[in-house]
Amino acid sequence: MSKEMNPFYDPSLKKRHLKDKLFKYFTISSLSISLIFLAIFLGDMIIKGSSAIQQTYIQVEVSYNEKSKKSYRKAVERKYINLLSRAALREIPMKMKNNPSLMGTKKLVWMLADDQVDMYMKEYYYKIKSRDLKTLKALIGDSRVEKKFNTIFFTHGDSKTPEYSGILSAMVGTILTLIVAMAVAFPIGVATAVYLEEFSSHGKWSQFLEVNINNLAAIPSILFGLLGLAIFINLFGFPRSSALVGGLTLALMTLPIIVVSSRAALRSVPASIRQAGYGLGLTKVQVVKDHVLPLAFPGIMTGSIIGLAQAMGETAPLIIVGMIAFIPDSPSSIMDAATVMPAQIFTWAGMPERAYIERTAAGILVLLTVLISLNALAVILRKKFEVKW
Amino acid sequence: MQTFETKNRNRHIQEDMIKYALILAATISILTTFGILFSILFEAIEFFKLKSFVYFFTGTEWSPGTVDSKFGALPIFAGTFIITLIAMSVALPIGLGSAIFMSEYATKTQRTILKPLLEVLAGIPTVVYGFFAAITVAPFIVNVCNSIGLEASFNSALASGVVMGIMIIPVISSLSDDVITAVPDSLRKGSLALGMTKSETIKDVVIPSAMPGIISAALLGISKALGETMIVVMAAGLRPNLSWNILEDMTTVTVRIVDSLVGDQAFNSPATLSAFALGLALFVVTLTLNIVSVRMIQKFKEKYKMSSL
Amino acid sequence: MKKNTKINVKDLNLWYGEKQALHNLDVKLYENKITALIGPSGCGKSTFLRCLNRMNDLVDSAKIEGNVIIDGKNIYDKDVDEVSVRKRVGMVFQQPNPFPKSIYENIAYAPLKHGIVKKGSECDDLVEESLHGAGIWDEVKDSLKEPATGLSGGQQQRICIARTIAVKPDIILMDEPTSALDPISTEKIEALMLELKKKYTIVTVTHNMQQAARIADMTAFFHLGKLIEYDETETIFVNPKEKKTEDYITGRFG
């Protein structure tokens, strides 16, 4: 049928339909940009971080004798000194002390290479003197240079030499800090939620509490750092840089998340459960403790895990309370100076040596893996215990 | 009867104690807020005893390290403002666009896949964004600018602003998605039945109806941008720089707070105390934004008589 | 009664997913008449109504077969734009749904977008004319800048009618336009419909038998997605041919 015969033909609509399409494309591209960014971002971290899975080792002859016990520089042939990790060499005398039977022997050992050698092997930018480079190439020709799985990264703490640095102490610091944070935030958060949902009279006071918790959630994290510094360190005199101070600071930040999610979980427990309890002559405390809380527990856990994940990624307030100290050995108590994963990432990111970049990215990958697993766990928990009343 | 009564009394005491314990726990959150307020306020007052209040807000020279140290925070506020502006001009269109796609165009299955993906973006720690901004985005901007004959700093406001914007996208999109989805379908039908196209309906009816919620999301985004620390600490500059050129380095309130508190300065020096003065300004502004934002969302809820969002 | 066919529905079938909601409908709807669609809940009245301005296109699961011929053209033909169909076939809903904008903007929105009028006095005139047409001008003429959502339900519904006629359609579909309103508002809307049919073809759904009897020229009785009986209203109410129709009208089921 021709256009003239079509009573619904309307040329003015053409332009409007075009605009309609363009608008849809705008929304699609907005979302695509977000997702493309996510992809670029993760890809970038994987590219930058994946090379840290391996670390270069060089096979050299180590002589264990009185000289090398005094000076580690004497333990290997002189021309290899600059190619090897200073930190690893420094351990030789210690090793001899622990194992006296080594004395007087010579052994072929795979020694950790210097970070510049590692960079060379990974085809990054490197700085090696030409004489050393010659030696290195000869070693490579003899197949005495190898990249092996980087166990150091997972079994060592921070170090001033990049090839010898790892995330262990930061991991331990993170765990200690989070234990403190959750030990404080979880009971207080749940108790606050129970009070607001089950006991308060929903009057002015609880309204004030509610508004306050809401505001607390929106306060920039760095200001919690100022609080930690002024109250926990300066006023209470807790040790600076400690997991205790960091944990307390994070606890206050996590509190609103736990309160809000616990309240939602409590609210989803139907009133009939409470009425049934009262009907049996139970007191309010008994009803809440024995009947309401157990039912709300999965929801409370979900919220707490999400809060935990957030606390785990937090950096700014911890920097303020001094948790960016150089921590080569894992802290053994919450009073020791400690650092955390994100703070370690921050410190490494600021290092001039190229070798720290791959370690930073690898640290990020480890952190993201843990965070995503935590969030996935929260989702699974929620799905699994999703009860339909 | 006697035993019965005592038992009862014991139980009463126990119940009361639990109740008081709960009240005590609830008070902690209030103590925290006031703790933050007062700890910042007291130190800020100490600062203003030493240095001029008026100059702090109007002065343009910031030189904490010198003998005759000056604390004019205007360039710091300006840098914060410009980086926030860049962040919002990235986050607002992309966040809103994503929200509109998810609520108006996406099928159910698309939604169940896309929503968690966007949430991943929200779950990435800011230190990671900071690393990305400093190591990848900033050099990229420098290279691009060099190739077209412009000069850009490795600490450009643009780099940290853009990455911060990406960080804020999920803040905007998830809240906007909620409010747009909450706009009653009858309004869409009413518009479509008048012969409006889908995009006209969205632009002229749905978005305006959801506007209080969208504004609330934007305010929350701004508040996040103002308070964001790691991205700017890692990718923006330290130099207070009063300029409109987003390719130059600029500094922000949060960067200066971190800078003056990290390291071993005497706690009572004006250089250290200035962090608390800046913190106070940040506290007041973000708190105000949050309060306004909550009001707006309440208005939206009342409008469509929603109980929860 | 002189009848000119305005809408000719031929062999219309509709499925929501697997479920067939309309079966082989054949019906002619007449110009400048009010046609009432009656029948028990869920029999497909609203579904049928939505077929007449392609609102069912918005339901993903809906699948339509058959013809709806308006002014000699099947609106489901490939070369027909559903937007232009909706311009010509307006719709008023059960729940008044004014936009959360001012009264003026509610009316002016669509005509301005369609380019029916230009901004300014031309638009003002159309707004006034439409509000007059919907019989609500006197009530709102001093508050055009006020939000339409602040009006009473009955007033809101008339704003929605004014909004619809401002687009200058030929046909107005109404889905239980008075069921959410009080008796006085209902009376006003009914009077308005009788006025409107002089200019428009009206198809309305109602659950109120008296209402159908009062205002409709033609009445169609639906049951389980089938058109059971369609005739002049008087015939349907006084002298129905089908037993089912009679049972329904006398309140024996539905």
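For reference, chains read A, B and C in written order, and residue numbers begin at 1 within each chain.
Quick note on the criterion: a contact is a pair of C-beta atoms (placed from the backbone, for glycine too) under 8 Å apart; a residue touches a chain by one contact, two chains touch by 3 or more.
Remember, predicted model here, so these are calculated numbers, not experimental data.
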{"item": "Core chain by centroid distance, with centroids computed from Cα atoms only", "value": "B"}
{"item": "Busiest interface, counted in C-beta pairs", "value": "A-B"}
{"item": "Distance from chain C to chain B - Cα centre to Cα centre, in angstrom", "value": "49"}
{"item": "Computed distance of Cα centres, chain C from chain A, in Å", "value": "60"}
{"item": "Rounded Å distance, chain A centre to chain B centre (Cα mean)", "value": "21"}
{"item": "Multi-partner residues of chain A (each touching 2 or more other chains)", "value": "16-17"}
{"item": "Per-residue overlap in chain C, given as positions that touch at least 2 other chains", "value": "83-85, 87-88, 113-114"}
{"item": "Residues of chain B engaged with two or more neighbouring chains", "value": "197, 200"}
{"item": "Complex interface listing, chain A residues touching chain C", "value": "1, 3, 5-10, 12-13, 16-17"}
{"item": "Chain B partner contacts - residues on chain C that touch it in the complex", "value": "53, 55, 58, 60, 83-88, 90-91, 93, 95, 97-101, 109-110, 113-114, 160, 163-164, 167"}
{"item": "Chain C residues within the chain A interface of the complex", "value": "70-73, 75, 77, 79-81, 83-85, 87-88, 113-115"}
{"item": "Residues of chain A touching chain B in the complex", "value": "16-17, 19-20, 22-24, 26-31, 33-35, 37-38, 41, 44-45, 48, 187-188, 191-192, 194-196, 199-200, 208-209, 211-216, 218-227, 229-231, 234, 252, 255-256, 259, 283-285, 309, 312-316, 319-320, 324, 342-343, 345-346, 349-350, 357, 360-361, 364, 367-368, 371-372, 375, 379"}
{"item": "Complex contact set, residues of chain B against chain A", "value": "11, 14-15, 18-19, 21-23, 25-26, 28-30, 32-33, 35-36, 39-40, 42-43, 93-98, 100-102, 104-105, 114, 116-121, 123-128, 130-132, 134-136, 166, 169-170, 173, 197-200, 202-203, 220, 223-224, 226-230, 233-234, 254, 257-258, 261-262, 267, 275-276, 279, 282-283, 286-287, 289-291, 293-294"}
